[in-house]
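Got some structures for you, see below.
Look at the two complexes coming up: chain A is in both, with chain B in one and chain C in the other.
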Partner chain A sequence: MRSSHILGLIGLAIFGVFILGPLYITIITAIKNINDVFTIPPKLIPYADFQPSSEAFDFIFNTRGKYTFVTSLIVASTATAIALIPSLLAAYGFSRYPKAAMNDERSFFTMLTLRMVPPFAVVLPIFLYWNQLGLFDTYPSLIWTYTVFSIPLAVWLLKGFVDDVSPSIEDAAKVDGYGFLDRLRRYIIPILGPALAATIALVWLFLWNEFLFALKLGGSRIVTYTAYLPQLRVGQRVQWNVLGAIGVLGAIPPLIILILFRKYLIRVYLGR
Partner chain B sequence: MPTIKLINICKRSNGSLILKNINLEIPNKSLYVVLGPPRSGKSALGRIIAGLDTPDAGRILFDDKDVTDLGPVERNVSMVFQDFALYPHLTAFDNIASPLRKLKLPKEEIRKRVLEVAEYLKISQRLTHYPSELSGGEKQRVAIARALVKGAQIIILDEPFLRLDLKVREDMRAELHRLQKDVGVNVILLSSDPMDAMAFPENIAFMQGGELVQVGNLIELYENPKNISVARYVGMIEMNVIQAKIARKNDKRILDTGIGEITLPITPQLSGSEILVGIRPEHIHIGEEGGHPYAGNIFTFEGRVKISEVIGSETIIHLDVGLAEPIRILIPTIYKKNPGEVLRATFNIKDVYLFNANGQFICRGGSILG
Partner chain C sequence: MPKKTFSPIFLQIPVTAIIWSLVGFVLVWLIYSFLYSTSPGGQPTFAALNNLITMFSDSRLFNAVLRTIYYAGVGTVIEVLLGMLVALALVNFISNTTVRFVVLMIFLTPMALSEAIASHTWLMLLTPQGYLNSILRSLGLPPVGWLSESMALTSLILADVWQWTSLPLLLIYAARVSVPQELYEMASLERLSAFKTFRVVTWPYIRNAVVVAALLRFIFMYITIDKILLITFGGPGFATETLGYYIWMQSFSYRNISYAATLSLATLIGATIVAYIFWRVMTRR
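Now for the complex of A and B:
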């Protein structure tokens, strides 16, 4: 074995420990009862060091905890669905009309900066804005904010995919007699197909995982599962096992998405 | 199958004029070749005839009916694209059926018409396949079938052979001839390949830089090119062009080419002090004067072989004669020569093309020598 090969393996091993270590801790914490959580030294091996318990999961399913996942699902899915249509149209425009007025690097970049702004910088004004409108802590405020923040990401991803569809295919459809909406519906969207699905999945994933806006724009009536986490304390004690269990449950949808769309997500992340 | 008339067509793209005042009449039931180098404006012209783009100025008439503002469907025009533009998510059958589906024809009618045109283009066996499973020639046939199926009167093909193998190109050219004859449609071929002009020699329009340079049949373009671009472009191999200076000597004009002198009688056509002498590679012969098929007016020169390439049953020799560019010679047989060998070559002065310093055609050598 060459030495570079060995170095590579060592690197991967360290990487693995950093990635898998916390995951392992999260999972074993989720199956501990609250008293096993705080022991020093920590109990690391189920059945040998501690007896697994469903305490944390029972807690989630017997309290409002379970509804937070439903809230997250509603908010993330609705916002993704609403964001998709303007994003597809915008991506189409950016891709197909490069010579149109205002369609230049600058306007595209300006749109992307919406995504680059640190959420902390805008969360307070957005909170005040919704508060003034009397929509604080409602579905519309969180969904609308998510929609706005999802559009730049979706446009950016979709533009690349639309670029890949040869314009002559659309010319052919024009020659066949199809108008714009027909072309979009019968040709562009089916051809984008899986790429479109991957975009939806990725946008949804970001919203599913979102924490700051969920915490600041909701928190009492509208509580997503991420915003629910800070509320998990009994007196001075944090319910780490419930936190772990929520983490485990919250990781299931992303895991499914990653497995289903890994081919396209890799293209997205590598800039194809 | 209408007569197409383009009147003063202008088109701007990105601030520059890509079509400059095009006037062209395309006769009905013709196979018409619009020939020109890449970016000469022929695709832009094709899109305007198809109705995919509208001209910034000018009118388009089909049989004296103004169609300038109509779309491709109202004009009954079809187009076959360079990359075939097949819908990747649909089978060959559904690709061909696409224009009929838009017309909302009954299912049975669609099926009948698709099978008919597929039979005609010999792709009946491939209808259930997706475009990614078809060969280049088959994709081309599907694209042509899709263009034909709705009964279009005009079919425009944009560089249809560029992406095909040489052998398949021959098949598809023959297919176009057959189709045009059988169906009687107007076929307009946009091409940058001079071989297409040779395959379809009756009607050719040569474009360059957004301008229509010359319209005619192959022989007219070959024998009487309007300018040096046409002369260079229309031919098996690019014409050799040599810069020459004109000197006066008694009652003669001497053209000093740098590899020898050409003596011509004084005529009003030879004015100025500079002239471009063009000689086609197929008009140059290897060997002594005696080996030349014509007698008299023979120009002889010598050079070293730079490259000798055998293409099929022909040989192209690039002869270094000490000028900026080597002289290309086309020999109709396989003729092996090693680089560095000295060759003697001749051509008949009657065969040369004379152009003025701006590249405008003056006349052939033969017309001065009589």
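Now for the complex of A and C:
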């Protein structure tokens, strides 16, 4: 091995420690008794330094903590389901009719802009909107807000996928007199199968992880697991181990999606 | 066969209706609140001019903007450079594809997590009695004020680098593996130095990925305030108060609604410009 090769591997190992260290810390904190969390010297190795405890997980499963995951699941899944079909129609239009009104590049750009809207700049009016409608802190308000903000991502992903399907497949169907809905249903959707699954997973992931809207549009009745985290810090004592345990549980779906849909992850950013 | 006339406009109606049901109100409300200020129980008064004057003479805003540029700028540079180094090292130094794949997946893990989880992980590390300081202490080193006035913004950048170096890494890695292997064989026949090979062979292939990754990281560091909101609350003092956090405070703590709307509109205009730059880069190819 050349010395540059060894240096490169050492560099990668250092980066690996940098990435894995905080993950490891979160996991061991989750299985600690609250008194073992912060000590000098730190207790870092289970069984050697401290006795693992299910205190944090017991707390989650015996309090409303467990419902926060259910809430996140309901909100993210419903919003993804509502956004999917309209987004597919729009993506199909952007892909196949780039010259038509409302389907042209300018309209697509408007859609893209919505993805780059800073949440902090719109959260106050959205909060007031749901307040005026009497829907603040209810499922409909958070679900609808999530639907609106997941559409740009869904359209962005789906347009790339529809672009990949050759239009020639449809041309034959067009000649046979099929309308666009039939073409979409019989030719596009079957081909898109795995791509649709990826779109659903990635849009869902983005909503599962969302924090800012969840914090301000929910709070007492509708609490997602991300919005629940800061609530564990009020009071006399920060429940560090519960924070860690929520993090561990909340990380499971993203990790599954990362592994299953890794091929498609890059499309979230590049669109193809 | 009777052919129904079909207009592609119909394809856009559902999403347009959904989006504007909410965004329409947001825009109208922001513009109205920028133009008029309503004190509790009082009549709306014209406030646009006042808002603009306040905005251009607000030194706290000015500092917040500078801090945002520093936070997003430094963060982006580190994430893109580090991501590029790691991506190239992965390809050059790990030849076994299974091992490389596993390592890549581990490196991508942080970006799949919620900002809220990442923030609390880093809070555990950075807090004065937290893990980093107890490790330092047990090594006989003095503890560091990670969240002190002079360090807090840097610590936030560190947390962001941990979570989001994965993104440039992913984009640049994908671009790097698309370089035809023959080019490297030719470069080695020509006895090009490692740096020359990078400049002549690798760089033209990864340049676009680097630019796109940098733009994306800059945009997302600008629009995301989750870490600031969860780790430092903009403090200590104003040490980590970025533009986004300042607007958040104006909206929810000080309740200067009209002024908050003014700043929000300004950032929306900024976001549109950035989105336009991103769009031009993406469609240039």
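To be clear about the criterion, the second predicted complex is superposed on the first by the 248 of 272 C-alpha atoms of A that agree within 3 Å, B and C clash if a C-alpha of one lies under 4 Å from a C-alpha of the other, contacts with A are read in each partner's own complex, and residues count from 1 in each chain.
The definition used in the following text is that a residue touches a chain if its C-beta (ideal position, glycine included) is under 8 Å from a C-beta of that chain, and two chains touch if they have at least 3 such contacts.
Since the structure is predicted, the reported quantities are computational estimates derived from the model, not experimental observations.
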item: First, second, both or neither for A:Val17, with chain B first and chain C second; value: neither
item: Touched partner set for A:Ala101, first chain B, second chain C, both or neither; value: second
item: Superposition-derived comparison: chain B or chain C, residues of chain A touched; value: C
item: Contacts of A:Leu89 with chain B and chain C, given as first, second, both or neither; value: second
item: Contacts of A:Leu229 with chain B and chain C, given as first, second, both or neither; value: second
item: First, second, both or neither for A:Ala172, with chain B first and chain C second; value: first
item: Which of chain B and chain C A:Ile191 touches, first, second, both or neither; value: first
item: Touching partner for A:Ile259 - first (chain B), second (chain C), both, neither; value: second
item: Which of chain B and chain C A:Thr39 touches, first, second, both or neither; value: second
item: Partner chain in contact with A:Phe211 - chain B first, chain C second, else both or neither; value: second
item: Overlapping contact positions on chain A, where the chain C interface meets the chain B interface; value: 177
item: Contacting residues of chain C [partner chain A, same complex]; value: 1, 3-4, 6-9, 11-12, 14-16, 18-19, 21-23, 25-26, 29-30, 33, 82, 85-86, 89-90, 92-94, 103, 105-110, 112-117, 120-125, 129-131, 134-135, 137-138, 162, 167, 170-171, 174, 194, 212-213, 216, 219, 222-226, 229-230, 244-245, 247-248, 251-252, 257, 260-261, 263-265, 267-268, 271-272, 274-276, 278-279, 282-283
item: Chain A - residues contacting chain C, complex; value: 4-5, 8-9, 11-12, 15-16, 18-20, 22-23, 25-26, 29, 37-42, 82-83, 85-87, 89-90, 92-93, 96-97, 100-103, 105, 107, 109, 111-126, 128-129, 144-145, 147-148, 151, 155, 177, 179-180, 205, 208-212, 215-216, 226-227, 229-230, 240, 243-244, 246-247, 250-251, 254-255, 257-259, 262, 265-266, 269-271
item: Interface residues, chain B side, partner chain A - complex; value: 14, 47, 50, 52, 71-73, 77-79, 81-83, 85-89, 98-99, 102-103, 146-147, 150
item: Of chain A, residues touching chain B in the complex; value: 99, 166, 168-169, 171-178, 182, 187, 190-191, 193
